[in-house]
Amino acid sequence: MAEPLLDISGLSKRFETPGGFGQKPRSMMAVRGVSLRIGKGEVVGVVGESGCGKSTLARLVLRLLEPTDGRLVFDGQDLTALSAREMRRMRRRMAMVFQDPYSSLDPRYTLEEVLGEPFRAQGLPVPEGRIAELLAQVGLPETMRGAYPHQLSGGQRQRAGIARALALHPEFLVLDEPTASLDVSIQAQIIALLQDLRARLGLTYLFISHDLGLVRYFCDRIVVMYLGAVVELLPAAATPPRHPYSRALMDSTFVPDPGQRRDLVGLTGEIPSPFNLPKGCAFAARCPRVTARCLAEVPLLEASGPHALACFNPLPEL
Amino acid sequence: MSAAGFATPVAAALRSRKGAVAGLWLAAMVVAAVFAPLLTPYAYDVQDLPGAFQPPGAAHWLGTDEFGRDLLTRLFYGARTSLSVSAIAIGISVLAGMILGAAAGYFGGRFDRMVTALVDLSWSFPEILVALILVAIIGPGVTGTMAAIGVAYLAQFTRLARAQIMAIKSETFIEASRSLGASDGFILFRHLIPNTLAPVLVAGMLATGDAIILEATLGFFGLGAQPPTPSWGAMMSSGSAQLFKAPGIILFPGLAVAITVIAINLFGDALVRALDIRRRERTG
Amino acid sequence: MLLEVENLSVTIGRVTPLDGVSFGLDRGQILGLVGESGSGKSLTALAVTGLLPLIGGRVSGGAVRFQGKDLAGMKPAALRALRGRRIGFVTQNPMTALDPVQRIGAQVDVVSRLHLGLSAGAARARTLDLLTQLRIPEAAAVCEAYPHQLSGGMKQRIVIAMALAGEPELIVADEPTTALDVTVQAQIIHILATLVRERGLGLVLITHDMGVVAQVCDRVAVLYAGRLAEAREVRGLFAAPRHPYTAALIGCIPREGMAPGALTGIPGAVPSVTAYPPGCRFHPRCPRALPACATEVPALTGGALACLNPLEMPHG
């Protein structure tokens, strides 16, 4: 792996719900001890279903949420040790693209003001010509400079969101399901744009998605999360998954070829409540390969070479 | 930016028929209040007892009151008191409510709980009662009336501003702003307050109508502006004794209050509609 | 044929967002209705279920024939009897399709009581049976629950149960899985497909995902900006798409072993209904557009292709 840009170790986040009338305060671990190294120029995909903690992880990495435990080292600097003011400055080097292009732009401001905001937020002057440059980089016509968000299509808004993230020349982007609320045709456009920007600007991405097919196309390495924890780390996009959950995710993708019809069964059973995790493996209740040990013990993430997984009864290696 | 953002819907409101008529009346009232000395040859406080109780006629368009003072003149000067007291009181109340509500909504925590408790508490009293208590403390007169009106409506604006801030706070663009390194102050003044302003200003506008009634009520009880300063409420109060002898003395200020309040409400409705259309365009 | 949509046009106010759409469906078949947002898929669903008046629209041309009867000529009461009883509708968002203050059981019961005239007891027995068939564990407990107590996938299964409760012959499902997690999506699609095969129902499956179409559909109708682009049997369509739009849509799904950069999407965006371009509506985005495409509306040839410069038929 290339020199690490971001080193995440033992990252955890606990959310507490305050007690109300007759209700006890409850707590849940949204992210449980995630460790991950992201090399310079790498695209790491985090995949999982709703409630797996992938969006929380995205926010922890930028310290938009404060981690309960663990360390974040970005380019040699411990982010968790930075003061709020220092962290704000650090955000020039890392940025985020959000899922919903409709609510991620303030309806009151024109595109020009949206793209100028990163500079204003940092107390910097907007450099001459930078707005035009950003618009060109994401493929928006210069004539849209004065447009309000409601005048843009979903794809154009997402391009604006990407341009805003690029404004301060960051090295690292967290992409939180940037295409999940777009049409497939527009999704493909945005993915192509992100690939192009990565090549031209030498960016490093943490790409959050629920779509394993897309992640396998776009990412160099893949992290599979389930209920707040990493269950498998695939060293390459093409590595066949061995964890039964990763396998189920892969079997749930719809291959666009009627010649390769799969028996689509999905997963039975329901995800356990994060407020009340089972004693053993969190996936045991839905797992087709469950053993007695899975119900009693929590499997830890163990690496055999670059491929790591947390399972007592994984699928055989191919 | 926010002034310009608000000018468009105002113009749109004026383009509707109801909005235009209401706007015209309100503009006329403001002109009457501001230019009262230029619009009438009479003074509002010079008594002419032989000329008392004149019916409407060429010299006195609306007649004279029990002291022979020109009613139209007193209506104009009354508009000064009634409109300025209401508008200033509501203006201060909107500003204070906005700051309190925004701070409570944005920072949350103990401060928010305290503000919310106070707002809830004050909502359990009728506005007139709050106003009467305050006038009793500060004493009757213009200052007391303003304070009474301002405090009576403070809770309403605080609650509205807080609710708006809470709603906008959860929008992704707030998080996006934070991810770019924006400070709390930057987010508050660039995103939260501008997005809260329009609905709070509309509510303030509508509350001004209620405030005119509240001011008139206090004036009617003799707790508002003190004689000889005319206010619509005080004029009605003195006219109530002459209800059958000279109904105009109570009727004309009463009409002025009623029509002005209706005009404010109609204009407010038109404004709400204009703002709504803009919002629908955004999301649609 | 169970369902025959012939040259269907829909008008809302002054605009005609759907213009000359045709397709057909037999019992035991799944028809995929695909296209990007704004292509007229949901509008077609509303026309087929007779729900157009809800959004102030009307059928302004062509016909929707269900078992040979034209829905457009039917009285509202007859349509209501048909909908729910003979035609079931599964909506996109299971989160809002259920009444939040009624228990699940009561919401499903009411359909069979209304349309099949069952007693309360018989209706509940049927509901329990349906929920079990949809592989809902502890059906009796679920009947007593309120919608907010259930997960999204569970709610969507309840919505499907409601659509099935009147024993319909046709189900129209409008993006039934977009709001759901991937493993749950697969499960719901699997349930729907099994129902069609086992009971000989017809299913119109509206989706924007060509992957879903490839996995379960028998026939496909591709819509673009309110017009039919191409309608064919699924294997042929994927093996050799003829309309450039069909080919582009298929190309938007990442596949195993696709080279980086191979996924490019379709440039531009679907025009809004008030800004449809003249000629073929796809021509501004089409890689194969000819000068004539900008002026001439391509007619539906061979029953199912509207393109002046289609991709070649494979030889042999």
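Think of it as A, B and C in the order they're written, each chain with its own count starting at 1.
Heads up, the rule we're going with is that contacts are C-beta pairs under 8 Å (C-beta built on N, C-alpha and C of every residue); 3 or more make two chains touch, one makes a residue touch a chain.
Bear in mind the structure is a predicted one, so any value in this text is a computation, not a measurement.
Judged by the touch criterion defined above, the protein chains link up one after another in an open path, with no loop closing it. More C-beta pairs in contact connect the chains of A-C than those of the other pair, out of A-B and A-C.
Centres computed as Cα averages put subunit A at a distance of 50 Å from subunit B. Computed centre separation for the pair subunit A/subunit C is 31 angstrom, with centres defined by C-alpha atoms.
Across the assembly, subunit B contributes no residue that touches 2 or more other chains.
For subunit A in complex with subunit C, the touching residues are 49-50, 153, 155-156, 183-192, 195, 210-214, 216-218, 238, 248-249, 251-259, 261-271. Considering their complex, residues 1, 5, 171-173, 175-183, 186, 190-191, 194-195, 281-283 of subunit B touch subunit A.
If you check the complex, the residues on subunit C that touch subunit A are 36-37, 135, 137, 151-154, 181-190, 193, 208-216, 234-235, 238-239, 248-258, 260-261, 263-267, 269-270. By the touch rule above, subunit A contacts subunit B in their complex via residues 59, 62, 64, 88-92, 95-96, 98-100, 102-108, 117-118, 120-122, 148-150, 161, 164, 167-168.
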